[in-house]
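Have a look at this one before I ask anything.
A, B and C are the chain letters, set down in written order, and residue numbers restart from 1 in every chain.
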Amino acid sequence: RIMRPDDANIAGNVHGGTILKMIEEAGAIISTRHCNSQAGEPCVAALARVERTDFLSPMCIGEVANVSAEITYTSRHSVEVQVKVMSENILTGAKKVTNKATLWYVPLSLKNVNKVLEVPPIQYVRKEQEDEGKKRYEEQKLDRLETKQRNGDVILPVINPEPHTVGYSQSSLIHLVGPSDCTLLGFVHGGVTMKLMDEVAGIVAARHCKTNIVTASVDAINFHEKIKKGCVITVSGRMTFTSNKSMEIEVFVDADPFVDEPRERYRAVSAFFTYVSLSKEGKPLPVPQLLTETEDEKRRFEEGKGRYLQTKAKRQAQMQQSAQ
Amino acid sequence: RIMRPDDANIAGNVHGGTILKMIEEAGAIISTRHCNSQAGEPCVAALARVERTDFLSPMCIGEVANVSAEITYTSRHSVEVQVKVMSENILTGAKKVTNKATLWYVPLSLKNVNKVLEVPPIQYVRKEQEDEGKKRYEEQKLDRLETKQRNGDVILPVINPEPHTVGYSQSSLIHLVGPSDCTLLGFVHGGVTMKLMDEVAGIVAARHCKTNIVTASVDAINFHEKIKKGCVITVSGRMTFTSNKSMEIEVFVDADPFVDEPRERYRAVSAFFTYVSLSKEGKPLPVPQLLTETEDEKRRFEEGKGRYLQTKAKRQAQMQQSAQ
Amino acid sequence: RIMRPDDANIAGNVHGGTILKMIEEAGAIISTRHCNSQAGEPCVAALARVERTDFLSPMCIGEVANVSAEITYTSRHSVEVQVKVMSENILTGAKKVTNKATLWYVPLSLKNVNKVLEVPPIQYVRKEQEDEGKKRYEEQKLDRLETKQRNGDVILPVINPEPHTVGYSQSSLIHLVGPSDCTLLGFVHGGVTMKLMDEVAGIVAARHCKTNIVTASVDAINFHEKIKKGCVITVSGRMTFTSNKSMEIEVFVDADPFVDEPRERYRAVSAFFTYVSLSKEGKPLPVPQLLTETEDEKRRFEEGKGRYLQTKAKRQAQMQQSAQ
C-alpha cells in the first residue's frame, strides 16, 4: 500500500511501527490460511514471537510497500513465517529491501480460545531446511522462557528529572482496545501492540535527543499473554543504553481487564527498540549520553551495552561471511 | 488485507465503498508506476473515470481481500486498468470473485499539476486486444462528455416529507479534506471520494427501506474536476428509481475551495449507485416503491427505469453469450 | 455519518469524544466559511472556547448522527456558533437530540498565524438577538480570564495507591501530533484535543468504578494556546469529585514542542468532564465514593461539589421555567 503522511514523522520517514503492523498482518493471514488448510477445527493464528529485525533503509511518504510472506518451518503447534518488505518508489521505479522479519504463530481454536490446535506439516525442498528450522525453533523456545522471567519490572515515575537522565525521557500511553484492533477471536492483533510500542519508544528517543529519530532495529518480542477487547493497555518505555550513535529503549505493555473481569493488571509483552538520530540530510547524528543514577539504571546500561556489542559482533561476522 | 469491523455495516457485510477505495488504490499504484517507467518528467496518475461495476458477492468481516490489477490499454494521454477483487475466507480457503472494475487514469506532472503527460505505450499480445481497447476508449470518451452536461442539478431540502418520497430519504454529509485523503499532488484520491459517496448512498437506501442494505452496483463515475486539500466537500444523495428488488440513488459531490481560492463551489463528481435490501439470512427483499411527486422526480424515475432495463437486457445478452 | 464499532465502548454507546469531534468539525467549517465570505486576507477559524454541554441521550452503533450548525453572534474578532446533534435510528426513523453546543472561533490569517483578522458582521432578525449574543460574549470573556489563572496545576504520580483514592484512577496518555490531526495552519483541531481528553477522562472513570461509563457533560473548555504539528501532547486526568451517581474528572493537556523548538512544555487546555456509570440495561448506577487523602484533594472535592450543586440548581431553575 502507499505510505501516507499519517504513517510518517515530520521528516517524512515512515514509522517503524507502521511497517511492523503490515508485517504482522501478512504473517497472520498466511499462517491462519495454512493452519486451516486441512479439514478439522477452524482456528486463528495468534502471534507468539517476532525475531529481532533490522530496519535496513528508511521508507518515505508516497512510496509503495510490497510485503511478501512465506512459511518456512512448522513444529507440532507452531508456524514460522518469514516476511520481506520492499519499498518501491513508483516515480523512479527504485526498489529497496526495508525489512526481513521472522514471526512465530500458534493456532488457537475458534470454539475454545485456550485450545492450541495441531499444525499441518509443510514439505521441505531440502532436508537441511527442516533441520535449520528445527534449530531456530529450539532457540526461540529457550529465549521465550528467559524473557518470561525478566518480565516483572515496573517503570516508576520520577519527579523533576534532569535532562538526559532515564526519568527525563521515560513515557507512557494508555489505549482502550477497540473492535478494529482485534482478531476474530476478540484479542488484540500483535501488530497493533507493536505499533503502539514503537510509538512510545519513539517519543522516549525524541525526548532524549530532541531531533528527528527513526527505528533502527527491534529485538525479539515475545507475546506471553493475550490481550482482550475492552482492556485498557498501558505502554511504557524508558531508555536503557546509549552508544555513540544509537539509543536502546525498553518497552513494557501491561493490560488492565478492568470491566467485567476479576483479573488483576498483568504484563503482556516487553521488548527492546533501538533508535538512531538523523540530521536533516538523513545522516546519523551523535546521541547525548544517558545519565544513569540508580544501581538498577547502571545495571541495565551494562546489560544494554552487552546486547549492543553482541549484535555488533554478529553483524561483523555476517559481513565477513558474505564477503567470502 | 483483512476486513475489520469498521469496514462493514452492522450485519457484517463490507461496505461497497471500502472495496471501491481498495480498487482505486491498486489502480493508482499500477498506472503511476507505468507512466514513470520511461525517463521523463515524473508524474502521478489521477483517476479520470471508473466504468460501471457490479458487486457479485458480498464480502464479510474476517475475510481477506486480494486485489490484482493489470494495464489493458493505453491511449496517448490515458491508461486503462482492470482490477479484480477476490474475497478469501482463510478459515475455509473458499475464494470468490467480488468485483471486476475498469478504471481510466491520466498522468499529471509533479511539477505542473495542470500539465497532462504522454503515456508510454504497452505491448499487446494480440492485435485484437489493441482494437478492443481502442473501442472502449472511444466509448468512454463520449460518455464523459455527456455526463459533464448533466451535472448542473442541485438537491434541495424538503420540510416534513412523507415516507417513501424522494425528500424523505435524501441525505448529505460534509467532509473537510485532510492530508491523508490526498495524493502527492495534494488532490483527493478518487477512492476516498467514492467511499464517501457509497456512505451517503447507503444512508439514503437504509432510510428508504429501513433494513440491512448492500451495494449491488455502481454506474460509471467520471471525475471531471480535481478536489484540493483544504476543500470542504458536500456529498448528497437522493433516490431516483426503485424496481421490485433494487433502489437507484444519485450522488453528487460538490467542492467548496473556501480558503485561499477565489473560486465558487463546483460540482466535482456525480454517479448512480444501486442497492438491494437483504433479509437476516442474506436473501434479497422486496423494496418499498419510491413515491414521486414533482415533474422532475417523475422524469428521473423514468430515466432510472431506462437505465435499469438497459442493464437487465445487457446482462441477459451476456448470459446467453456465455451459455453458448 | 454512521456510528461505527470504533466510535463506541464495549456496551455500544458512542464515546462523547467522537461527538465532540464532529461538533467541532462542523463549527470550524461554518466559521471559516463565514470569515472568508468577504474579500480580504484568507483565514482559518481556530477554536477558542466550547461552552458547557450536556449529553442528553446516548447514541449507539449503527445510528446516524445529524450535525447542524448556525452562526449566532459575531464580535469584532470572534464568531459564536451553535451546533445541534441529532441521532437518528435509520431502521425505525426515531430521532433524538443528543447535544447542543456553543463554540467560539477566532479567525487567524493564513499568511501570518499570529494575526487575528476581523470578522464580517452578521445580520440579526431581531435586535434582542444581538443584545443576548453580546451578553454571552462578555460572560465567556470573563470566564476565559479566570481559567487562565487556575491553569498551573500538575498531576503527580502516586506509588501503590489504594482503591477509590485519587491516585488509584488517575491516568495519562501521550500522543504524537500527526498531519491528519491538524488544520491547514498546521495546528491541532480543537476537536481532536477534546476527543483525547474524553478518552482519558473515560479511562479514569472506568478505573474508579469498573463498570460501563458514559460522558454526561463537559464543562466549558478554553483553548488558551495553540498546539503545533510534531508536538507530543500529554493528556492527564484525575477524579476531583463524586456525587451519588456521577463522577467529575479534571483533565489537563500539556504540549511538548520537543523537536526543532526552543520552547518548554506548556499547558494548552484544561477542563472538567462528568461521567455516569450505567448498568447493562442502561440505568444509572451508584458510584463508589472518592477517598480524598491530601488537603489539596479535599479542597478540589469541595470545589467540585460547588460546581455540582450550582449545575443542579441551574437545571432545576430551567425546568421550572420551561414548565411555566
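The working rule: a contact is a pair of C-beta atoms (placed from the backbone, for glycine too) under 8 Å apart; a residue touches a chain by one contact, two chains touch by 3 or more.
Just so you know, these numbers come straight off a predicted model, no measurement behind them.
S.K.: Taking touching chains as linked, do they make an open path (line), a single closed cycle (ring), a hub with spokes (star), an all-linked set (complete), or other?
M.R.: Graph shape, chains as nodes and touching pairs as edges: complete.
S.K.: Residue numbers at the chain B-chain C interface: does the shared fraction exceed half, giving same, or fall under half, giving different?
M.R.: Result for this pair: different.
S.K.: Averaged over CA atoms, how far is the centre of chain B from the centre of chain C? Could you give it in whole Å?
M.R.: Here the centre of chain C sits 37 Å away from the centre of chain B.
S.K.: Two or more other chains touching the same residue: where does that happen in chain A?
M.R.: Residues 5-6, 179-180.
S.K.: Which of the residues in chain C come into contact with chain B in the complex?
M.R.: 1-2, 4-6, 25-26, 28-29, 32-33, 36, 42-44, 61-62, 64, 90-93, 110, 179-180, 182, 184
S.K.: How about chain C: which of its residues touch chain A in the complex?
M.R.: On the chain C side, the touching residues are 5-6, 9-10, 156-157, 159, 171-176, 178-180, 199-200, 202-203, 206-207, 210-212, 229-230, 232, 256, 258-259.
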